[in-house]
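Look at the two complexes coming up: chain A is in both, with chain B in one and chain C in the other.
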Partner chain A sequence: MSAVVVGAGLAGSAAALALAEAGVDVAQVAAAPGATALSAGTLDVAGASPGIPTLPWRDALRGTPLLPRERLALHRRGAPSHPWAQLFGAGDDPSQPEREVDAGVARLAGWLAPAGLGLAGGLGANRLLATVAGTLRVADFAFAPAAGGDLLAAHEIAVVDVPPLEGFDARALARILAREIEVLGLPKRPVSVVHPKLPEPLLAAPSPARVAARLDGADARTVLAQACQGLGAPGRLLLFPPILGIAAGAELVAALEASSGGRVAEALAFPPFALAGFRLQRALDAALAAAGVRRIAAHVRRLASGAGARLRVVLAEEPASLDAEAVVLATGRFTSGGLGADLGVVAEPLLGLPLYDADGRRIDGIPARRSARKGYGNEQPLFSAGVRTDRRLRPLGANGRPHHGRLFAAGDLLGGFDPARERTGLGVALVTGLRAARAVVEALHAPPSRTGDVP
Partner chain B sequence: MTRLLRTRVLVIGGGINGTGIARDLALRGVPVVLAERRELGSGTTWASSGMIHGGLRYLQKDPAVTEHSCLDSGAIQRIAPHLVFRIPFLMPVFREDPLGPELVEIGLEMYDRYVPLKNGRPHTRLTRAQALALEPALSDRIECAFTLDEWGVDAARLCVANALDAADRGASVLTHTEVVELLRDASGRVTGARLRDRLRGDEAIVEAELVMNAAGPWVPQVAGLAGEAVRLRPGKGIHLVFERRVSNLAIYAKGVDGRDMFTFPHEQNSMAGTTDDDYYGDLDRIDVTEDEVAYVLQAMERSIPGIREHRVLHAIQGVRPTLFGFGAYEDELSRDYEILDHGAAGDAPGLWSITGGKLAAYRLMAEDAADRLCAALGVEAASRTAELPLPGGEAPADLPALAARFRIGLAPAARLAFRHGARAQGVLEAGEDAHARGRRIVCACEPVLDAELRHVARSEGLRRLTDCTLRVRLGVGACQGAACAVGAASVLAEELGWDAERAVREVAELAAARWRAVAPVLAGAQVAAMEIHRHVNFGMLGLAEEILP
Partner chain C sequence: MRGYRGFLREMLRTGSLRALALQLRTGALHVAHQAFGRRRGDPVARFLAAYGPDGIREPDPAARRLARQAERCLVCGLCSLECARTGGVPPLDPRDAVIAAARLEVDWVRLGVSPGGDTACGACDACARICPAGIPIHLVQARLASFAASPSAGTKADATPAGIG
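And now, the complex of A and B:
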């Protein structure tokens, strides 16, 4: 039994890992890391969104905040095209989504553990994390070392200044954070800025990625740990910019906690910081290698019919093609190339699959600029669009039937939701990646005639 | 309480005309108040090609415009050398062109006579092979090509430099301040204006002997406040802004209707344009249409076949305050200017208007306007704007020394010195603190340093985050502010005393403004960039509620 997964982000990697564990011979094709490598350090399942009647995150702690599991239930009953509504039908057991998310997160945590990347959180509680800008964000789950920064658990916050770092202003972070805490009506927590006594700037050209790479080295790690000596105290959270090492993040955090005597966490990253996603990608890559998933670095040109009922993945580089009994497409959206707008026209480049927005309108074959609505805050069809699938995650062709009986889709490539506004990004990727793997295994075990509907 | 200001001349409009006139008057010792409804240079000036070129286009019909432009281009290079950059042009000739190489060369020989006025080099004729070697982006269908020399300028900074110099010499420059009404005395004379600060909401009365209406395409609206009619033939123009360079040199292109256009390197980008269409719509919401974008790309494609593969970041658009003319096509309208005394030509003595003109000849126009205002005021001082350098233009900056002394890269040093000239060192010195925050890069696309942002807030009267797109070109690169808006807002909050709500609103307004600029040209990799933009603004910062229209 063989399968090919296209895409190396969380959706594709979860599918590939689950397939490998199920004993399927699986190859993963990807030209480059995808949008997962740009993610911020959280794994959200059902964030607050303006489209459904829930509290915006700014108000999440004013009055009675909705818990992640309650938000998930709202999503499920919301737009019918939303993956949660698609996956968890009205007739299903109401506790099914939560159980499936919890089980998925537990599996992911197991895959990431050997790389030392921790994952914490749950659908039963909100955790409140600071971004690198000082704003607050409710997260369902978070990766270490951001996960340790739950402000609800800290009595006092000290922002660690490491100047001059591109895109980072410790004083501004502290000021905005203090203000956010006040606006949200949290019990008072003093917020200060501390300056480790570094003998010299960590780097003369201080881009975040280069500082992080430098901190992977034992020398720089020791220097920073010594400089942070005594900065911590019981109940004090030392909040760092997202620069705490790439490969050696866990060791660095341990060293800093030991020397400072306080709890150490990173602020949530967004551009120009991209370290959290990069660490996640590396940990996934390590897990895939350990599980024996064959990784092929190549661009996929198209999908075609192979011998028998097999699918052929045609590549732009060697090997020229791969035949498989099933294929999972987890190519994401525009950032990772799962959707394209070359010469302006929106398309799914591998199969020309029809693309639908959250309102069920097709947007493929139309110039992107024509789909762009005035008003940034409006719902934008372009950014809720993706493929539509049946309940087994098989993408539908223009005729409304599965394009191929053993072709599956997962992650952001699925349409009908707006991951940016809804903050449902990596949660959908994880759960649909695992679901797609299950669907592949079921299809591979079914007699060929029953997979039917091969065009 | 309403503030009361007394001055001799109230200038309405902070584009290149208004700031140029304010500076000219201030240098002659005339007290001036300048009121700009939005940000300096944010109207037609910003939407121009940012070229102080001689106008080869006008040579046939308007040789006087060509001569003015060349002459004044030379003067601008002298007074603001830091803001000006050379743009060598290639003009390809195709077999199907109506004018063959010989006729084109005759035109260029005529133009060569004006070129020394603006320190340009005479044209060169290149063979097909030479042109293709020089510019690989060029179509291999060309027969031959010509070179010519033009100059670019940061038009928004040119306005700021003029306004700063005026302010240094006693003028009051009020941005985000609109004219609510023009004041009249019993005889009907215009005696000043009631102004409203659009950010604070408070009002001020300015009493002035003369009011100069330099509101560009809004001139008729302002004149209308005094019951005066000014006729323009407003012409809308758009440019496409590309990520980095499309070509080494500027390249001429022809529209499907035969109009000349070009793509040209400009600061960190390439730009392509422009269109010229009669425009009678809302001047405060000028939309870029699908037709206009398609028209420009189609024109460029003939000269640069690969143009559609290049990433368009955003569009810029504006409306020219072209002099009225009936029956002519937009392109054939005169680029000359007019200074109107509403006392002589109408029933509103004390009010003057300026219309038409070109960026390249702004200084000459301002001098002419100031001469006429001074004659009316009985001021005898002569214009000094052609000799005295604009702020920063006093001496060249020493880039390697600047970079070494402040431990910054050469790129940020160069961009800082481009915008601030001789004052760059002072900007960095003022931004120094114990934690070296001043040399932090806030916007990596441009790049913009922390110290420069603090400087424009402290010393240049910057009032809004969105205005940074013009002042320092922050947030107009590949990421459209996704990576820098919050950091920049934090710096401005510190300098300008914004509370957190105000800072959030500023970030939201910048994000929304960038979407307006990007959406009409959305394609290719920029769709991915805006996907990330939304993840930052909605997913991470939770700005959805603030941005909802």
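And now, the complex of A and C:
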């Protein structure tokens, strides 16, 4: 039994890991890291969407707080094109989405543990995290070392100033954070700035990533821990810029918490400071290597029929092609090349699959500008474009039937939702990646049938 | 052209003879200049003759090719992260180098003095291997390093790429 997964982001990696654990001979084809490597450090399953127009934290923090599990249920009912509605039909057990998310997160945490990357959170409570810009972000799950930064659990917040860091201003962060807390009507908590005495060599590099790389070393870790001695207190959150190590985040946080006496966390950051996504991608890659998944660094040209009922993945580089009994497409959207625009016309480049937006309208084959909506902040159909699948995650062709009986899709390639606007990319990626793996295993174990494969 | 003809017709229709006369005069001068004017050579050559002493040169085909590739940059910054992780010491942050290469093709030669002095990166290709757009970032860096090394470059001390990217 063999399968090929196309894409190295969370969806493709989760599918490949689950397939390897199920005993399938799996190869993963990817030309570059997935868009997961650009993520900000949270894993969310339910945010704002066409069915749920307001930003989730406005709901969560004002009036009746909406818990992640309630937002998940709203998606399932209120947004018919959303993958949650597509995956979990109305007739299903209402607790099934929750169970599937919890089980998926537990599996992911297990895969990431050897790399020392923690994952915390749950669908039963809102977590409020700060970004490097001082804005607030509700997260369902978060990766360490941002995960410890729940502002709702802190009595006091101290932003750690690291003076020469490019793009980071501790005083501005503290000021904006204090105002955000006030605007949202949260219980008041003091926000201050602390200045640890940091040695010159540690600060010589202005880029957060270079400081983080230095802090992977035991010497620099000890130096920083000493500098933070006594800065913390019980209930006080020490909010660091994204410098807390690339490989050794857990040890560094433990050392800092021990020396400072407070809770230590990193502010959420986005590219090019997105160390969080970079760490996640590296931990996934390590887990894939440990699970024996073959990684092939190549661009995929197209998919074709192989010998027998097999699918052939034609590559632009060596090896020229791979034959497999099943293929999972986890190619993402525009950032990662899963969707492209040729002369402004949106298309799925491998198979020319029909693409749909959140309103269920077909969006491929027409110039992108014609689908654009005027006005700042409007939902843009282009950003929810993706393939539509059956409930076993097989992408549908133009005739409304699965393109191929053993071709599956997962992650952001699935249309009908806007992951950036909803902030739910990784949650959908994880659950659909695991679902696709399950569908592959079921398809491979099913007795061969003549009608099973749709050309 | 149709628009211009329409413009002339509109002027005739509204009887703006003064505007029409000006137009005809400009046209006649242009034709005369083309026929009898002093030839002053290719504008690019003239530009290079004027600014060559400042260190500005025409980019060679290899530089142009690199610039075309650099234009595919997504500005994701993964090269910078990977470079930091591997402990590279590039003359310019790899992301900034690519942005500079894409934007400032012609001005490359003015990057002569790199912020890292004459240090070059270790010339590994970690940045290029992680690049989602497939840009040969290590070659861009090598290109910058070669400018730093060449004696004719860097005559403009004020032309450091501080404002780039």
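Throughout what follows, the second predicted complex is superposed on the first by the 434 of 455 C-alpha atoms of A that agree within 3 Å, B and C clash if a C-alpha of one lies under 4 Å from a C-alpha of the other, contacts with A are read in each partner's own complex, and residues count from 1 in each chain.
Keep in mind that, in the parts below, contacts are C-beta pairs under 8 Å (C-beta built on N, C-alpha and C of every residue); 3 or more make two chains touch, one makes a residue touch a chain.
Given the structure is predicted, the values throughout are model-derived calculations rather than measurements.
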Once both complexes are superposed via chain A, do chain B and chain C end up clashing or fitting?
clash
Should A:F88 be classified as contacting the first partner (chain B), the second (chain C), both, or neither?
neither
With both structures placed on chain A, which of the two partners, chain B or chain C, ends up touching more residues of chain A?
B
For A:F143 in the superposed arrangement: first (chain B), second (chain C), both or neither?
neither
Between chain B and chain C, whom does A:P271 touch in the aligned arrangement: first, second, both, or neither?
both
Of the partners chain B and chain C, which touch A:A213 in the superposed model: first, second, both, neither?
second
Between chain B (first) and chain C (second), which, if any, makes contact with A:L38: first, second, both or neither?
both
Which superposed partner A:R370 touches (first chain B, second chain C, both, neither)
first
On the A-aligned overlay, A:D342 touches which partner chain: chain B = first, chain C = second, or both, or neither?
first
Once the structures are superposed on A, label A:I246 by its partner contacts, choosing first (chain B), second (chain C), both or neither.
second
For chain A, what residues appear in both contact lists, the one with chain B and the one with chain C?
38, 205, 271-272, 335
Chain C residues within the chain A interface of the complex:
74-78, 80-85, 87, 93, 95, 129-134
Residues of chain A touching chain C in the complex
31-33, 37-38, 205, 207, 209-210, 212-213, 246-247, 271-275, 278, 297, 335-337
Can you tell me which positions in chain B touch chain A when the two form their complex?
290, 293, 308, 407, 409, 435-437, 439-442, 444, 450, 479, 482-484, 486-487, 490-491, 493-494, 499-500, 503, 511-512, 514-516, 519-524, 527-528, 530-532, 534-542, 544-549
In their complex, what parts of chain A are in touch with chain B?
38, 40, 47-50, 56-58, 131, 133-135, 137, 161, 163-169, 171-173, 175-176, 179-180, 183, 195, 201, 204-205, 268, 270-272, 333-335, 341-344, 346, 367-370, 372-378, 380, 382-383, 419-421, 423, 425
